[in-house]
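Two complexes are shown next, each including chain A; its partner changes from chain B in the first to chain C in the second.
Right, the complex of A and B next:
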């Protein structure tokens, strides 16, 4: 019975969305589709809330049972509570003096998260160059050579020296023509794959809808 | 032809080709082009069970309710096929993701896989780990690949939505002698997957996964539909290019 309900709900929602997309703006069908999207947004928010509660309960369990890595769990709990409290204080506009009118929670987020992400991003280029090297070790095929030469041209093209202008122009051409075409090809493929997989969902044949 | 008419045409072709393909697949075996990653997956699951080691599946930032919904559904179907084969092992698969809305889907997928093998008692929701970092997060990749290394996984399978953070998974896989199967529905992540993975999945190959792993007629039908649509797009591009040139 539950499977039937899940399948029927998914199929009806899918068909409603398709009809809504094909209808004129302002029509009833478009309004119903917008309602479905709002329901999805609310359900998504509840899912995130459940996820946070799940995360906290898992780490609380690890901490109380002193499982391996419990200090990290304690850190997660302390930071989670700290951020929630900070957010509440932000909303209450409790800050005075220099901090009056400030939102501290986004500032803390930027100070920690953005710094960590920036530091990690700086390492990506080394990983990629090493990956190109390993690719050639796996086998010197035409495609692998093309990939490596393209990486070298792109990296050299970034060097701001006058004598290397030709590489900069070549890099720009690469990005504009073959890379642009390739990216569009991949996105087209992904789009077509999404349509065919969506057909399976609309037919109620996706495994997530049945046991 | 306006957008609405185009959507109707594409959907009609997709539905018709899927159903015709499913009917054909029910009567005769439809040969599928070999894809190295899907040929390796059953062997990886068998090796994991025999060698008592874990497999790491990451769904990246594929999110239910967002543009990556279908990627999340297809990736979870592939995770199901893997988990079902590995459910008899005391070393369950490890699933990581960075979108909260995908967490219930991933947990439910593993639960159903264990129930299908009548091993529901051995399912633990903590087999799925959520890193609440949001899309394309390098911190998520660093944390998840570190967890995979600590959990002694011997294969990492990355399916769905990844950006530059995929490089972290790849680097960690190389350092810990893991087999890496990778895919991304984003061009940036796809390029990295090609460079780092032993057996990359390219573009729409992800969506053909259920057909390769289950051989169910309807799934094979969607592969037929995918091929029909692909050839139609190629012909349309050639036709418009010729029209512009003449």
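Right, the complex of A and C next:
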């Protein structure tokens, strides 16, 4: 019964939204769709909050039971709670003296989040180059050669070398024609797949809500 | 403590964390794990703060704590009822923790799935399928070289789509695609590989650019603070 209700809710919400999104702006159906989108956005934020609480409770469990890697869990807990407390203090405008009017939480964001994410993104270059190298070591096939040649042409085409304009032109043609065609084909495939899977949900044929 | 001192501390923290992340090049080690766990903690804290400050609190203020103002009692009651819906769904989602009570949680999930599916379907049709199909159809509208390129483009799109067709039938004891489809999908596979190769090269260039940016920033900080 509950599974039937869940499937029916998904179908009703989905069909209502489709009608609303296809209606004229200013119509009642569009207003209902806008309200549902707002409800979903707020529910999504609540779900994110629940997810974070779950993450913190898992790390708290690992710490209290002294499981393997508990110091890292303690670190996650301390940092997460620290950021939240810092933001609360920022909102309370508690800082005085030279720091009066300052917001400390954006500084923490800049120093920690931005620098670690940038460093992780920078680290990717080594693994991408190594993976391309490993690809050819595993065995030389026609498709491997085509993939590697494309990478080399695309990379060399970026180098502003004199007398090597041919690589730049080849790269430009490659990106405009074959890559343009392949990317469009992939995107169209993704779009068609999305519509197919979506219609199955709207018709109540999808089983994901029954498990 | 002054803002300048905070900037200095921030710079050193940034430098140390960057070096800790780069230590992964020597192998998985505790410095890298510390940096990653710090990132997880900060990200969790920030996401929680943003979700509460930018979404949940404005929603509560606009609905549950709405000022009666000129709105009638009936309107106000309606707004409060609507305002409570996301929290009700949030409570339903908590049931997903238990395998036995998960079907109750599915009720909350159903609204998200239904609305999300509708947005995805309309978005895919309006934003991807129709514009791309129209553009591809117009690609062969030029002259000479543009015409040839347009034809290649159309062949590429069709064969790429054919490559992702998995229709097959049993023939001579083997399950295989029809011969025509095999030829088409072979050409499509070449287009897909060239596309992925170009995207891979783009990813290498992007991460190389980020690497040089990070390296330059940290080197400038060291030279500025240590070199004088």
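Assume the second predicted complex is superposed on the first by the 192 of 211 C-alpha atoms of A that agree within 3 Å, B and C clash if a C-alpha of one lies under 4 Å from a C-alpha of the other, contacts with A are read in each partner's own complex, and residues count from 1 in each chain.
Assume a residue touches a chain if its C-beta (ideal position, glycine included) is under 8 Å from a C-beta of that chain, and two chains touch if they have at least 3 such contacts.
The shown structure was predicted, so the numbers you read here are calculated from the model rather than taken from an experiment.
> Does the superposition put A:36 against chain B (first), chain C (second), both, or neither?
Touch status of A:36: second partner only.
> Does the superposition put A:198 against chain B (first), chain C (second), both, or neither?
both
> Output check: A:108 vs chain B and chain C. Expected answer is one of first, second, both, neither. What do you get?
After superposition on chain A, A:108 lies in contact with chain C alone.
> Give the label of whichever partner, chain B or chain C, reaches more residues of chain A.
Of chain B and chain C, the partner in contact with more residues of chain A is C.
> For A:136, is the partner it touches chain B (first), chain C (second), both, or none of the two (neither)?
Neither: A:136 stays clear of chain B and chain C.
> Would you sort A:147 into first (chain B), second (chain C), both or neither based on which partner it touches?
Both chain B and chain C are touched by A:147.
> Which partner does A:58 contact after superposing on A: first (chain B), second (chain C), both, neither?
Only chain B; A:58 stays clear of chain C.
> Answer with first, second, both or neither: which of chain B and chain C does A:7 touch in the superposed model?
In the superposition, A:7 touches chain C alone.
> Touching A:166, do we find chain B (first), chain C (second), both, or neither?
Neither partner.
> Once the shared chain is lined up, is A:78 touching chain B (first), chain C (second), both, or neither of them?
second
> Counting contacts the way the document defines them, which residues of chain A are shared by the two interfaces, the one with chain B and the one with chain C?
18, 21-22, 40-41, 43-44, 47-48, 50, 52, 55, 113, 116-117, 120-121, 124, 128, 132, 147, 182-183, 185-190, 192, 194-195, 197-199, 201, 208
> Which bits of chain A are touching chain B when the two form their complex?
Residue list for chain A touching chain B: 18, 21-22, 40-41, 43-44, 47-48, 50-52, 54-55, 58, 113, 116-117, 120-121, 124, 127-128, 130-132, 134-135, 147, 182-183, 185-190, 192-201, 203, 205-208, 211.
> Residue numbers of chain A touching chain C in their complex, please.
Interface residues on chain A, with respect to chain C: 2-3, 5-18, 21-22, 35-50, 52, 55-56, 69, 72-73, 75-84, 87, 97-99, 102, 104-105, 107-126, 128-129, 132, 143, 146-151, 154-155, 158, 174-192, 194-195, 197-199, 201-202, 208-210.
> Quick one: which bits of chain B touch chain A in the complex? Just the residue numbers, please.
So the residues of chain B in touch with chain A come to 4, 7-8, 10-11, 14-15, 18, 64-65, 70-71, 73-74, 76-77, 80, 100-101, 103-105, 108-109, 112, 115-116, 125-126, 130, 132-133, 137-139, 141-142, 164, 167-168, 170-171, 174, 185, 187, 190, 192, 194-196, 202-204, 206-208, 210, 218-219, 222-223, 225-226, 229-230, 233.
> In the complex, go through chain C and note every residue touching chain A.
1-3, 6-7, 9-11, 13-15, 17-18, 21-22, 24-25, 33-49, 51-53, 55-56, 59, 82, 85-87, 89-90, 93-94, 103-104, 106-122, 124-125, 128-129, 132-133, 135-136, 149, 152-161, 163-164, 188-208, 210-211, 213-215
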